[in-house]
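The two complexes that follow have chain A in common; it is paired with chain B in the first and with chain C in the second.
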Partner chain A sequence: MAKHATPLLDQLESGPWPSFVSDIKQEAEVRAKNEKGVEYQIPVDVCDDLLGVLELSFKHGRTHWKHGGIVGVFGYGGGVIGRYCDQPEMFPGVAHFHTIRISQPAGKYYNTKFLNQLCDLWDFRGSGLTNMHGSTGDVVLIGTQTPQLEEIFYELTHNMGQDLGGSGSNLRTPSDCIGSSRCEYACYDTQNLCHTLTMEYQDELHRPAFPYKFKFKFDGCPNGCVASIARSDMSFIGTWRDDIRVDQEAVAGYVGGELVPNGGAHASRDWGAFDIQEEIIDLCPTGCMRYEGGKLEINNRECTRCMHCINAMPRALRIGLDRGCSILVGAKAPILDGAQMGSLLVPFVKVEEPYDEIKEVIEAIWDWWMEEAKNRERLGELIKRQGFQKMLKACNIEPVIQHVQEPRHNPYIFWNEDEVEGGWDRDVNEFRKHHLR
Partner chain B sequence: MAFVSSGYNPDKPMEDRITDIGPKHFEEFYPPVIKKNKGQWLYHEILQPGVLVHVSETGDKVYTVRVGGARLMTVTHIREISEIADKHCDGFLRFTSRNNIEFMVDSEDKVRPLIEDLESRKFAGGSFKFPVGGTGAGITNIVHTQGWIHCHTPATDASGPVKAAMDVLFDDFKQMRLPAQCRVSLACCLNMCGAVHCSDIAILGYHRKPPMMDHEYLDKMCEIPLAISACPTAALKPTKVEFEGKTLNSIAIKNERCMFCGNCYTMCPSMPLADTEGDGIVLMVGGKVSNRISAPKFSKVVVAFIPNEAPRWPSTTAAISKIVEAYSADANKYERVGEWAERIGWERFFDKCELEFTHHLIDDFRDPAYYTWRQTTQFKF
Partner chain C sequence: MEFDEAKKMIVEKLEKKAKTKTKFYFNDLAKILDMKPRLAKKLVTKMVEEGVLEYWSSGSTSMYGLKGAGKQAGAEGE
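And then the complex of A and B:
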């Protein structure tokens, strides 16, 4: 018999998609039975109370969670988010219900030994509820109490060799796409860069010293599977600067219908025979391709590497060999000044260990942002407030045409004095000799 | 429930303390076939919805079976995932950025038993535990935020509407009939923990009532200047109020300037704005993050408000369904929702999706607004 009646939530148990309600109920039951004899360190009925409070929110159409207090582990300013229920007497099991962020491994690969260890720990010292994963990328452990925080941290670090993730005004846990580990489009090893920078900047990740949050994300190619261009202050997107590699035989294979276009991604509908002119040549955004006499030609100098032809004919076309990444900066979600997409700062940099060139850009950006930004001002907002040029100067990067979509729409150029011959100090009397008052 | 120590000594917190060790090294978690062939992959193919094969220069192949999952999952569920990975995949698996789970095997004969095992598992309530799908030109898992399960600022729930929407969109998770992939995301408030602002279809929780001032507690709970400076539209100012014979410092709000972002509430718990009738859902469409063919785009607001209809949000899911069907019927192959809307014109988009255009949908927020008004005589009747 469930502790709280949940007639509204129960309606989310039917339907084909995995039901989180069924899952939480299953956990509530496992805890109640406790067949393994776990000495639960937080209330056994925590899952029942979570369902109870959620049911109340479904009834009220309002959340029943309060702001976090200052909770955390000694020496870190992030990784734990305090959370308290605003109906603690009705739902004592979740009265204190803090979140712990666990820095996920790059690429989100796991072995079951690690996952089971994490489950054992979270069973024992927490609610047994998680997010696999949070939006930023961390494993999120939802719901424990203050006395457990240091204990969990101790066990994580001592028994599992695992650290917390970021929260607050610090470097948030970086995340990456699957990269070259299982994708032929990856222009660099996203996992290695993600992990290396995560390790390099542990201090920035754990001890909030920034004006606001700061995110890194690593996309191996312009397809952008981790959405870095939309949601990271610094977005590292793989690209190349030589030629797309063409296998003319495979092109013929696609044209002849022996190979399935788009890796089979359109298989559930009959779109008719593959038409290279219509589906590839005509859709190329720069018109830099042609197909004549059974041969595909690409004018690579005009290619902007949008990935369409490669995505559509993966066995015939491959990314170039002179690879690296573009760095874009300033993306963020809407709050407060509207959404911003990342803006191109570094058109191309080689991605080679020990990544010194990349670190130089990161550190120059941080120096500028930490010096100039207001409290809770994201990098993108600072760039807008002070102007793109200020950032270029701070990073010691020369302006290039690639930085803009098009040149400015107005002539209101903020000339520097040293750019204007003779400077700005002039003698008005000298001027008046030729121009009477 | 006796307290069990981990070994941590609260009197000597620095004793044996281990810090700054970061995440586990990713290589520990690579399945052998991934470790061996990293950087050598030649091409991939989707064999059926949810099943991919990647072929390496070495001749090796890795078969991936992708399954959907609620991102909110329990340790019992994770243990079951581990059990499946132990049984079929030598104890390895991975998660995707859209909360799917990927089971990988190194030969084709292992694929069928894995799929059969996954598809046979159901929750007590009847839903699938591990539906196979989410690849190619279809709808994959909805990325989302915490909602009422764990957050203090939401204007809608997250897991609930996502479950309801995925039930409605389930066929498109299981197949690849759409013109291109269609990415659906949900954020339960304007903070948008997640990239819903660049999604083909975005479900966004939104408040519509200005905060209430809890004058009695405000000055005790909050840094008034911080709360005031958090307001993007300068709707807040310091004030003094009379309360039970005392003069208290507090905050006054100019309601007509409020954009309902809740940023003040984040800074000050004494200014709650959640409301049963006020809160609900905004639908946005046409965003993307990929650079394929056209540049990444922001999503645009096409439905200004839908009430929260717990537990299954039927008006929201019906509107989404209508958009997906209109897109499926009308867009060209490879066209994302936003590219389709731009080609046919937003006039036609509203017709085809049977959406009403109201004044709420004309941008009036700062500079970018101007660039969304029509500055040409080219339009469709």
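And then the complex of A and C:
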């Protein structure tokens, strides 16, 4: 018999989708049975009380959580998010119910030993409930009490070689796609860059001094598997400067039907014979491709590296060889001014260790943002408020054509004094000779 | 600026405001010290290490306060 009746939550289990309610109930049952004989350090019925407080919130139409607090581990300003229940007597199991963010490894590669260790630790000192992964990328451990925090942190750092992730006004845990470890589209080593910058900017990750959160994400190519362009204040997207490599024989293979398009990704249904004109040439967003006389041609100057043709015919078309990344800035989710995608700041930079050129851009952006931003103002909002031009100046980057979104339709041109020969000063007497007052 | 001097400035200012306000943004502290944020951070971090200041976090934003001052847990502007 469940500890609390939860008719409203039960309804959430009735749809066709997997339900978090079923998951929590399952964990509640496992804890109650305790077949492994775990010496639970927080109340055994934490999951039952979680269901109870949720049910009450549905009934009242408002939350019974209080967020925030000084909870954390010593020396760290992030990684733990305090949460308390405002009905602790009714639901003692979740009187404190803090979240811990665990910095995920680059590319999210784990071994099962690590995952087992992590889950054992969390069964022992937490609720057993996890979220793999939160939207920033961390492993999220949901629900523990204050006295457990230092214990968990010690175990993680000393016995598992594992750090906490970012939260609050920090650099958030950087996250990347699997990159060249498994993907032939990768234009740079996302894991190396992600890991290197994570180590380099430990202070920014753990000691909050930013106006608000700041996110890095690394996509190895414009396919954007971690959606960096939409989800990070600074997004690093792999690209190339030279030409797409074309294997005309393989093109013929696709046209002749010997090779399955899209690596067979759509093979579960018969979509009819592959039509290169209709499916590739006509869908190229820049109209820079031609297929004539059995030969595929690409006007690479016009190509925007959208990846469509390469995704569809991976055996025939491959990314160029002169590779690097583009850096975009200012993406964010709604709250203020609505959602924003990143704007292109650096069209191309080589991604080579020790990544000094990239670090220079990052630090220039931080200096500008830390000085100019209001409290709780994201980079994207500051760019909007002060203008893209101001940011370019702060980063010492010359405006280039790629920074221009559309041709100007306003004839007004603003000049700074130093851009005008002779400055603003003029000889008024000389001027008055020709212009009466 | 010397650390002790900075600490004195911060503690004095924060104590003066303690009746109305106990949590401060990092930028407020940098302003008290009249320093560029990245330099101020070194001193402020040291004050946390020494237990003069402590972090407060809502999860999305972080603030600083004198150790033990004001609400410790989540509060609703009370």
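In this text, the second predicted complex is superposed on the first by the 414 of 437 C-alpha atoms of A that agree within 3 Å, B and C clash if a C-alpha of one lies under 4 Å from a C-alpha of the other, contacts with A are read in each partner's own complex, and residues count from 1 in each chain.
Simple rule for what comes next: a residue touches a chain if its C-beta (ideal position, glycine included) is under 8 Å from a C-beta of that chain, and two chains touch if they have at least 3 such contacts.
The shown structure was predicted, so the numbers you read here are calculated from the model rather than taken from an experiment.
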Touched partner set for A:Ile244, first chain B, second chain C, both or neither: neither
Chain B versus chain C as contact partner of A:Val329, first or second or both or neither: neither
Touching partner for A:Lys66 - first (chain B), second (chain C), both, neither: both
Which superposed partner A:Gly75 touches (first chain B, second chain C, both, neither): both
Touched partner set for A:Phe210, first chain B, second chain C, both or neither: second
First, second, both or neither for A:Leu115, with chain B first and chain C second: first
Dominant contact partner of chain A by residue count, chain C or chain B: B
Touched partner set for A:Asp367, first chain B, second chain C, both or neither: second
First (chain B), second (chain C), both or neither touched by A:Leu345: neither
Which superposed partner A:Ser167 touches (first chain B, second chain C, both, neither): second
Overlap of chain C and chain B interfaces on chain A (superposed complexes): 65-68, 75-76, 83, 99, 203, 375-376
In the complex with chain C, residue positions of chain A that touch it: 65-72, 75-78, 80-84, 99, 167-170, 203, 207-213, 366-367, 370-371, 375-376
Partner chain A, residues of chain C touching it in the complex: 25-27, 36-38, 40-41, 44-45, 48-49, 54-62, 65, 71-76
